[in-house]
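In structure tokens below, several structures.
Consider the two complexes below, in which subunit A is the common component and subunit B and subunit C are the respective partners.
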Partner chain A sequence: MESDIKLAFDILAFTSVMVLIVLGLGVIAGMMGIFNFAHGEFVLLGAYTLFVFHERALPLWLGIVAAPLVLALVGLVLERAVIGRFYANPIMAMLGTFATGLVIREVIRGLLGGHYKAIPEPASGVISFGGVDFPVWRAVIIGTTTIVILASWFFLARTSMGLRIRGALENPMLARACGISTARLYTITFAFGSALAGLAGALIVPLYGLSADIGIRFLVQAFLSVMLGGVGSFQGPVLGASLVGGMAAGLPWLVYPVLADPLVFIIALAIVKFRPQGLIGKGRL
Partner chain B sequence: MRDALERLRNAVVARPPGESDLVPVQQVGASGRSPSKRRGVHRPLRMLPLIELAVLAIMVAAPLVLNERAELITLITNIAILSLLAISFDLCWGFSGIMTFGQALFFGVPGYVIALIGRDLGLSQIWLTLPLAMIVGLSFAFVVALFLLLGRRPTPIFIALGTLTGSYAAERLVSGWQYVGAGNGLSAIKLLQVGSHELVEGTEFYALACIILLVVYLGARALVRSQFGLVLAGMRQNEERLDFFGYRVQIFKVLVFSLAGMISGLAGALYGYHQGFIGPGNMGPGLSTQAVIYCLLGGSGTLIGPVIGTAVIEILTYVLADIDSIRQFWPVFLGLLLLGIILFQPSGILGMVVSARERIGSYGSRRKGARQPG
Partner chain C sequence: MFKQSSRVRHSQSIDRRQLLRGSAALTAAGWIGGLAGGFLLRPEWAHAEGPIKMGIATDITGPIAPGGNANWQVAQYAVEQINLSGGILGRPIELYLEDTASDPKIAVGNVRKLIQEHKVDVVLGGITSAMRQAIKDPIVNRGRTLYIYPQLYEGQECTKYLFCTGPTPAQQCDELIPYLIKKLGKKRFAMPSANYVWPQLLNKYAHKVIEANGGEVVFEEYYPLDQLEYSATVNKIRDGKVDCVFNTVIPPGLQPFCKQLYESGFQKNGGILSCVYFDENLLNYVPAQEMEGLYTCLDYFQALDDSFDRNLQAGYAKKFPDTKFPFTAGSAATGMYRGVKFYEAAVKTTGGKLGREEVAAAMDAGKLENGPGGPAEMVPGKMHCKMNMYVAVCRLEGDKTKYEVISKAAMVDPKEC
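For the complex of A and B:
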């Protein structure tokens, strides 16, 4: 019983982090038609930010707050300098973002010196509730993610800025004709998506440990989630992330752990293959 | 709300990969003939054959010059082997517009297969194992292609992601599998045998790698310059139009992808025999990325480009490996290089000396009585 609850909690924590990553990826893909192959490295950068705070013996909480801000800045600069050039050509954009990701990954690998680093949980220990122990940090992850998702939804669905973003998503040409600067919106959206990835990286790294290659893993999982859920809606990627996250966290308990990771990928790819429009076809924000 | 996948799909139709497709497909077939038919028309100097001959000359001369230095012979053998991988990536991306981020998958898996049959069955006869590696590469790539490329017009993003995922998943799987050596890979691979003679690394192995590279190169050259190549050129320029002409575009893609897998498999087997080692990294995204860099640096859409790109990067890596301060950030530099090429020089090194028209070239055999242009 207790182990079941712990497992459910693990799955939930992992899933919520996936949702954060996928939300950023999905919004960028839906809005600009760019599939950002550097997104996994944004997660890595977020994790690295927390690691720097840990190294300098600064409070880790500050690191969690700083990670999304740092990544928003990185996203802003990258969008202006590199990504913005690719909007006209999504195929070259895949290559371009892939190269960008490669640069980030190798810089971090150089900085880490190829080592594997562990970062302690900012809040360790357990909360006992009804006779069952809940790990605090996982609870924090789930809580933070829920708040961020609700805030994102509120931002997109209830503010005028959100309305403009949705307008640009739906019909960029018409939005431009109405006097909305889509170029600015793209920059903001890209920075927003990057910030979400950074936050996700900072939240997850105490559970996983930091190495330069975690980016690829998250990238692959996040991409599969986006395609699984369907591009362009808010719920689609969230649903996809829940599925992939749930499988990734749950399957190692059912099958031989070495097989679990590839199996998740194969199942997700197969679903995408036979339902290319995603589980939720065309949704609305 | 517009579906981003749909938009990407439209973008493929509107905008072909790379630069090499500036000439509309109808003119492609004629462009090779017109200059020679009409007198007085300035015939541009053909650079590609010169470059090909120069590279061939260097390949032949290299072992004579470097005879004394064993480690340099190893280096050039490596270049020849990795060139095969780069060419196979180029066949997919440069010639057919299939974005594969996992070409190393068809390099590593056959490499493992020949390492295993060497270990468990004691077989390493060249006439048996190299064809076997090719068959493994071919059939594995064929299965992957059936899944990724056939069906309801898969989007480029699905193909790119599928290949990347396959490569990543395979690396993870192999590094956790004790039977194939887990994270340590398989070392002390049985030496390649010709009859009872064992091929160790050195000039002999270099000669073998070069001959294979030459054969593959000529084969690929014939392929992309044939009518089949013309279909590929049309396909990467406007897939939908080719569809309407009645070509089953996806079948062509599957064929090219499988052939590229075969070449990669050959390269993987040679690599295993040459290094005496094959590890999970040889099928992962790392090596796949390297293939992308080789090809784009040299010039995608040409066959000699990937060879030149491989040589440039491998030689630089070798030279700079001794300098500690550079070595650490060499991969970063490679990434920046890739980004720079994509942004500023999509046609690579060759694009600086070879015109777009010549890179696209002509197709099929020149028959007498072919239609007069104009």
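For the complex of A and C:
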């Protein structure tokens, strides 16, 4: 019983990490039709922001708040400078974001000297609940992820800004004819997706340690999640990430760990084979 | 790209400032993604017969860069010491660097440059076993050159003209495991491991030593190198009543594993974590409280307090102030230092002859009175060396970690070949 609760908590915690990372990618891919290959590096930059706060002995909580703001700014500048030129050509956009990510990653690698850095959790220790210990920081991640999902969904589905974003996506010509500045909305959406990546990076780095490749390690699984969930909706990637994260954490309990990794892909690809549009089809937000 | 080699080549002599500038440029080169032209350090004076050419092939860029850069710095330091004291029988050493870029495919081409273009007399380097396997053929067989491999590794490398100067599984396990079992009373071992050659062969040896000493291996399991989630493993450790984890999971999997193990209360409940590649540098990779009480066994620790090791640390710190690449055992720094000194001693024995046969024969009987961690001595015919091994435990001082050396075994046999 006790170990079942622990198992459920561990899987939930890892799933939350996965969802948190995929959310920003899914928002940008779903809303703008662009696969952001620099997403992993945005996560890295969020993590690096927290590292800078740690180095300067500033409060870590402040770093967690600062990371999404810093990344929103980075996203804003990048969209204006680079990404905005590629909307007509998504393949070029992929290459553009890939190159951007490469530059970010190698610069950070240089700054770190190739080393890993340990960053402490802003809140460490365990809470005991009915005789079972739950690590505080993993609980914080689960809580934050839930809040972020709800808030993002509310923002995109229930506010007028969200409506305009969806409208601009659905039919940019018509949106422009209605007097909506689509260029501005794209910038906002991209900055929003980047901010989510930044938050994810800052939240997960105490668990995994900072290295230049922290984002890359999640990226392939993140893309798989988006494919699995379906591009074009908000719920799709969240569902996809939950599935991929749950399988990645759960399968090592059942099979040899070396088999778990490929098995996640095989199962996910099998699902995509039978539901090419993803688990949730297009535009039902 | 970079024109470092030409810039250095034009200078008459190397002073400290130039070296600093060189190493700064080197770090910068790591950012850009590789050393296109290699790197050359000329000695300050010439000799009628020309310099002795020493080639360093190591990972200046890529994931293994922290180790590779430490290796290159140690080589520079050791060679500078030799040149300052008059070279080898009056002949200075000239140092050539080629970046193996953490990538065996790139490495093979670059190593060939050392052999064919620069015609070096000896090559030192390689950190991972994959790298050693890739470059040993171009060096030893096709290149007909002596090769010295400096890293602690899984053993079983018995190629003629290839000398290993780092610790082997026997050297790392023969002291540590009996200590864990007999002195600390730990009996039930778990072996979580990264899925590649070093953990597999090390575990095979460790398994035997554990059982020979009355311990028991509860499970031995292999993970993809970048696995991020270890709740299943930690659960097995708890359910199996494991009291000693013999870990060979490496970064990036290491950090989440250590955290989940710590969160499960393993150490709090009396469990012991041991890890034989863990040097002072690695301690920075994991939060301090998770490292408290970690046991390791290496050929050198910065905490060693004899005059030779103190001078070594001081000299290295003076040459590379505030370096990101400290002199530690895990990054092959000790093996590199030993390798350079073994070569020096061998050439002295041959009376300055640099032919591979003569030098290899002299190396085979090589003895170093002093080195990092103490003396070292080649085991004749075995291409591996005896060295002192130390068991150390990680202590917490405030929020900083520190190794305390708790036992020393003198001149441990590598038991290879």
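Structure notes:
We take it that the second predicted complex is superposed on the first by the 276 of 285 C-alpha atoms of A that agree within 3 Å, B and C clash if a C-alpha of one lies under 4 Å from a C-alpha of the other, contacts with A are read in each partner's own complex, and residues count from 1 in each chain.
Methods note: a contact is a pair of C-beta atoms (placed from the backbone, for glycine too) under 8 Å apart; a residue touches a chain by one contact, two chains touch by 3 or more.
Since the structure is predicted, the reported quantities are computational estimates derived from the model, not experimental observations.
Aligning the two structures on subunit A places subunit B and subunit C in a clash.
After overlaying the two complexes on the shared chain, residue contacts for A:Arg217 are found with subunit B and with subunit C alike.
Looking at the shared chain after the overlay, A:Leu207 reaches subunit C, while subunit B stays out of its contact range.
Legend: residue contacts after superposition of the two complexes on their common chain; A:Gly246 is shown touching neither subunit B nor subunit C.
Annotation for subunit A, partner touching more residues between subunit B and subunit C: B. Of the two partner chains, subunit B is the only one touched by A:Val231; subunit C is not.
In the superposed pair of complexes, A:Gly84 makes contact with neither subunit B nor subunit C.
Look at A:Gly167: by the touch rule set out above, it reaches neither subunit B nor subunit C. Shared-chain residue A:Ile11: touches subunit C; no touch with subunit B.
Once the two complexes are overlaid on the shared chain, A:Phe265 sits against subunit B while remaining clear of subunit C. With chain A as the common frame, the single stretch of subunit B that clashes into subunit C is 327-335; none of the other options in 3-11, 39-47, 237-245 or 327-335 do. Overlap of the subunit B and subunit C interfaces on subunit A comprises residues 106-107, 109-110, 217, 257-258, 261.
Chain contact summary for the complex, subunit C toward subunit A: residues 27-28, 30-33, 63, 65-66, 69, 195, 221-224, 226-233, 235, 238-239, 251-252, 255-256, 259-260, 263-265, 281, 284-288, 324-325. Residue ranges of subunit B in contact with subunit A, taken from their complex: 1-5, 7-8, 11-12, 15, 17, 97, 99, 101, 147-148, 151-152, 154-158, 160-162, 164-166, 168-170, 172-173, 176-177, 285, 289, 292, 296, 328-329, 331-332, 334-336, 338-339, 342-343, 346. Against subunit B, in their complex, subunit A makes its touches with residues 29-31, 33, 35, 37, 82, 85, 88-92, 94-96, 98-100, 102-103, 105-107, 109-110, 169-171, 216-217, 220, 223-224, 227, 231-233, 257-259, 261-262, 265-266, 269, 272-273, 276-277, 282-285. Touching subunit C in their complex are the following residues of subunit A: 3, 6-7, 10-11, 14, 106-107, 109-110, 113-120, 126, 133, 135, 207-209, 211, 213-214, 217, 248-249, 252-253, 256-258, 261.
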